[in-house]
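The next part holds the structures, each set out as structure tokens.
Look at the two complexes coming up: subunit A is in both, with subunit B in one and subunit C in the other.
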Partner chain A sequence: MSLYEIRNMAIEIAGDRLIEEVGLTVEAGQCTAIIGASGSGKSLTCLTPFGLTPGAVSGSMLLDGVDLGSDGSVQIRDVRRRLAGFIFQQPLTALTPHLAVGVQLQEATMQAGAARPSRLELARKLERVGLSRADERLDQFPHRLSGGERQRVMIAAAIAHSPKLLVADEPTSALDASLRSEIMALLDELRAEQGLGLLLVSHDIASIEGHADQLVVMEKGRVVESGAASTVIAGPAEDYTRRLIAAAPRLQDPAPMLSRPGEPLLETRNLGVSFDRSGWRRGKIKALADASIMLHECESLAIVGGSGSGKSTLGRAIAGIGPVTEGEILWEGVTLPERRKRDLAMRRLIQPVFQDPVASLDPHWQVRDIVSEPLHNLRPDLTPAECARMVRKVLSDVDLAEDFLTRVPASLSGGQAQRVAIARAIIASPRLLVLDEATSALDPLVGAEILKLLLRLQGENGLSLLFITHDIAAARRLCHRVAVMEAGQIVETGEMQAVINHPRHPATQKLIAAS
Partner chain B sequence: MLKRHFPIFLVLALVMLALLLPFLLPWSYDQIDWEAVRAPAFSGSHIFGTDEIGRDRLARLAAGTRITLMVAIAAALVSLIVGIAWGATAGWIGGRVDEAMMRIVDGLYALPFMFIVILLMVVFGRSILLVFVGIGLVEWLTMARVVRGQVIALKQRPFILAAEAAGTPSVAIMWRHILPNIAGVALAYLMLTVPQVVMVESFLSFLGLGVQEPLTSLGILVKEGADDMDMTPLGLALPGGLLVMILVCLTIEGERLRDRFS
Partner chain C sequence: MLALITRRLMTAIPTLLVIILASFFLMRLAPGGPFDGERPLDPETQAALQQAYGLDRPLWEQAWLYVLRLVQGDFGPSLVYRDFTVSELIAQGLPISLTLGGLAIVLALLVGVTAGLFAAVRAGKAADQTIMMGATVATALPTFVTGPALALFFGLWLGLLPVSGTGEGVAWLIMPVVALALPVSGAIAKLTRAGLASVLKQDHIRTARARGLSETKILFKHGLRPALVPVASYLGPAAAGLLTGAVVVETVFGLPGLGRYFVQGALNRDYPLVLGVVTLYAALIILFNLFADLIYGWLDPRMREG
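Moving on, here comes the complex of A and B:
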């Protein structure tokens, strides 16, 4: 008998049927992964049987012989306490900020009625999930820990009461690439050691490859395909699965067709950025040191690195929206001045696109005004009628229909908002786009489309791209060359394929191993 | 709408009443009816009776409400303008300028403000202008802090950076991107400032430091009523009840707005 078995489950919220005819099984010691685009109902499927969403559930759900559907919140609470553990996407918000790590862990251990654990036992639990200096950590508060450490504490808390099933809702999507593989490896280890069943939710097929035994593909609240993970990935039967697999960038993909680079366009020489410490305190924080890069016309350069490596700082300095402390930025051999001193002609050359598409649009403005904002400043020679015509044209360039003109950002999906942001960036015909994690916050299907759009725009307009990302596999689809960053320094540069084949610096090797 | 926002409609109705009553009543707030000193309620044309020197109580209540709310709204507007200007400047420029400006705010916070207002009154004599100045001096501090925090949070948002990259000048970014986005929060705090000011003004008047006779405010009416409460409890109950009602209604609505925006 399976550890956890769902058959013919349906979920309704406020009268809407969101999930229908879902079935899956999780065996002890094995991992079943649910994958699908956002809004496909994967989180609802794994959380609702335990009463963690407002949905009403019907169907049969058996966990270790206990019927979750049978009724009674008492029973569900009991199952949650004894049999299941949960890990969520946002490690910071999932830990209570005002309780020290040790206290949270103690609470998690005692919830199933266990005796109060000793300090030594708690420290051992933290060591089990790979945290160093465990004894010291017990007294620390969540904000003192990094994202990866917090997620480890979450895992320690989720398995503290020795559950039989671990439900992990996108446990790695908020982490950067190299941490991702570490956390996945830890989950594998725990499974093998304790015979834990793992129900894993992810939108990223690449991250679960090699970890999941069973795969369930969901679309719009239904299961479209399921089976052994290796068979599904090797030979997907459904078109939707094929698209999901194709959307996930992989280092083994055939080399993409890229444009042919031209003359040198932009160069930075020993660029450095340091920030003053806040308040009256003396001293500086160095975010970027000695960064020298070269970018040609019609070329794409990837800046790859983990979080905090200074890649965004470099991008912002180049786009003229962040500080520069040392070094210089040259445009076709002429120095570009720093932030506030750039004139409009210089602004027109370089435009940025940001990670969070919704936050990069003013919530009070209509799409029409957002897109035309650069025109008003950078192209004062245009009449209002010409502006309106250009806005229409650029919206069709990014594949948005004309009725988007009067929409507000709140009514756009992530992919649509990012298209609007790209439209704003290209409307004044710049020559370089600085893309700061422009696809990382998007669904893989949508992200792949945005990458395609960028490739097309580069082909049509001869744009140069500076593609800042933590995902070297995604960068490979778009970029000719790559610069790898770590701790504010550029540690390796070269042709994309050459760097991937023969990484020299440990940071590069780690990034490549993670994708 | 009417049911959910009953408090604000109640206050609006009271304000309308206070504005219209002078035209409807045969008596003005400073007119003495020699025939009816200390008249009980519902005697002749005096619906709530008269006070100890024969002035119509309802007319005085309306006048008091007008003055109190006028002081409150004027002081709240001053706090809105000064607070937004100060806070937005500090937040936008940042660095040392921000530090210095906010330390000035902290310094002003630390002063025993009631004591200073009382001193001002004693030195310069009682005047309604001084009440404005005194109250306006303190009430903008909270607003400045709130606005500064909002501006700093907004400044790092990508859409502000995108506007800068699009060549929008700083002043235009401030007017067209930042101010509209903090308007909601500022409005919520404005709603919370009004009852605070009502309270302060009434307190000053109660101490005899507010507006001058024969002008009146709710605070003065409460004081007069309190002096005379063993004879005519109505004189205390009416302005007191009205004051509490206005304070509670405005606070409820203000809290509601604040919850919505933060």
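Moving on, here comes the complex of A and C:
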């Protein structure tokens, strides 16, 4: 008998049937992964049977002989308490901010009725998930830890009461590539060690390949294909599965067709950014040191690095939305003054696009107003009619229909919102786009389409792109050259394919190994 | 934390000095003087009095002398209550005002947070709507309406509580404290409810729920503290307001608190008395805001940074 078995499950929220005829099994000590694009219902499928979404569930769900069904005989809260553990996507917000790590871990350990653990036992649990200085961390508050450390704490807490089933809802989507593979390896170990069944949700086939035993592919609330993971990935039966697999960027993919770069456009010379330390502590934090890059017309340069490597600081400095403390930025050989002293023509040249498309759009504005706003500031010479015409033109450039004009950001999907953000960035005819993790928050199908759109825009308008990302495989689809960053420094630059084939710096080798 | 306290106390000194000097000069801009009675004094007596209290000296010199004495803990003599120093008057009034204000804050917190919690748990239901309507009414009613209304009902009609004065026991405190606490508790209830409504939607609440904790435990252990951050920001100014705002309640219930001295001192141009009370209020407000900041750090450790 399987550890966890779902048969013919359906889920409704407020009368809408969102999930239908879903079935899957998880064996003890093994991993079943659910993959699908965003909105395919994978999180609902794994969380709703445990009462963690507002959805109403029907069908048969058996966990370790306990029927989770809706006949009311089982207290679903008790099932969560005793049998299951949960990890969520956002390690930044999933821990209670005002309780020290040790307090939360103790609560998790005692949730199924275990005795109060000693401090040493708690520290051991943190060490088990790969945290150093475990004793010290017990007294720390979550905001003091990095994203990867927090996710390790989440894992320690999720398995602290020795559950039978671990439900992990996109546990690595918010982490950079090398952390992602470390966390996946940790989950593998824990599974083997404790005979834990793992139900894993991911939108990213690459990150579960080699880790999942069973694979369930979902689309629009239904299972389209399932089976042994290796079989499904090697020979997908459904077209949707094939597209999902093809969308995930890999380093082994054939080389993409890229446009031919022109004259030098932008150069930074020994750019440095440092911040004052917070509070009464003296001294400065160097976020970026000695960064020199060169970007040509119609060229794409990838800035690749892990979290905290300073890649966003560099991008913000170039886009003129972050501070510069040292060095200079040259545009066609002429020094660009600091943001406030740039005139309208200069400001128009460089436009940013950010990671979280929905959060970067004003929620109260219509798409029409969001997209036309740069024109009001940067092109005061245009009449309202000309503005309206340009908004229509640019929306069609990013493949959005005219009925999007009056939509508000909350009604857009992630991919649509990112298209709006790109439309806003290109409407004033810039020469350079600074894309800060512009595809990282999107699922692979949507991310691949955005990459295609960027390639097309580059071909049509001769745009230069600065593509900031932690994912070198995604950057490879778009970029001619790459600069690898670590700890505020550029450690390696070169032609994309040459760097991938022969990485010299350890940081680059690590990035490539993790992809 | 110690660094925060020292830094705040250091900046408190210049702040206080500015407040004292500003009120000193502003008060002198107002026409009239402490010795203007219904029957004008003859010029010689007037001059003698002026000289005795040093009011004939240049204004900046008077200000300087006042600050010098203040540093030594001397608030000077009252110009109207001739037999008392300002320190003696404050020593009489302050305990009553602090008792009233302190009890009112505690009552407002108890009632407000409880009501807010209750409303948040039953969000959108009848109980929630009733509580929030009650909170709006409580906030909207001024103390000069609730005070006399309470006195009329419980004092005159039911004869349960004394209407005026301090009297024996604690019964005399009940009505003034309730009148003072009512509007503040309404505001606290609304802030608590709004805070909880936003916190209960956050991810860490789902994590707590995933552990199978009871809803009560989730609410008190994981939800309440961050939800009270807006209450803490409101509490500093509110506490100061309860002390200064007690003027009306002290008058309605005939209590000899600080507020009465403040108003009478201002009307009589009793310069040292007004300055003394202003200095005290300013110091208390600075102190309460420091408390509020310390409470922030406890409610949400992220605020301890920078």
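Convention: the second predicted complex is superposed on the first by the 500 of 515 C-alpha atoms of A that agree within 3 Å, B and C clash if a C-alpha of one lies under 4 Å from a C-alpha of the other, contacts with A are read in each partner's own complex, and residues count from 1 in each chain.
The rule we apply is simple: a contact is a pair of C-beta atoms (placed from the backbone, for glycine too) under 8 Å apart; a residue touches a chain by one contact, two chains touch by 3 or more.
Note that the structure is predicted; figures quoted are calculated from it, not measured.
After superposition onto subunit A, partners subunit B and subunit C are found to clash with each other. When both complexes are overlaid on chain A, the residue A:88 reaches subunit C alone and has no touch with subunit B. After overlaying the two complexes on the shared chain, residue contacts for A:424 are found with subunit B alone; subunit C is out of touch. In the superposition on chain A, A:364 makes contact with subunit B only, while subunit C stays out of contact range. Residue contacts after overlaying the shared chain place A:111 against subunit C, while subunit B stays out of touching range. In the superposition on chain A, contact is made by A:321 with subunit B only, not with subunit C.
Once chain A of one complex is fitted onto chain A of the other, the partner contacts of A:350 are limited to subunit B, with no touch recorded for subunit C. Of the two partner chains placed by the overlay, neither subunit B nor subunit C lies in contact with A:250.
Judged by the touch definition given at the top, the superposed model places A:143 against subunit C, while subunit B stays out of reach.
When both complexes are aligned on chain A by C-alpha atoms, subunit A residues 279-280 touch subunit B in the first and subunit C in the second.
Only residues 3, 7, 202-204, 206-214, 221-222, 225-226, 298-302, 305-306 of subunit C touch subunit A when the two sit together in their complex.
Interface of subunit A with subunit B (complex): residues 276, 279-280, 316, 319-321, 344, 347-348, 350-352, 354-356, 359-364, 373-374, 376-378, 421, 424-425, 428.
For subunit B in complex with subunit A, the residues that touch the partner chain are 95, 99, 157-159, 161-169, 177, 180-181. Here subunit A touches subunit C in the complex through residues 50, 52, 77-82, 84-86, 88, 90, 93-99, 107-108, 111-112, 141, 143, 154, 157, 278-280, going by the rule given at the top.
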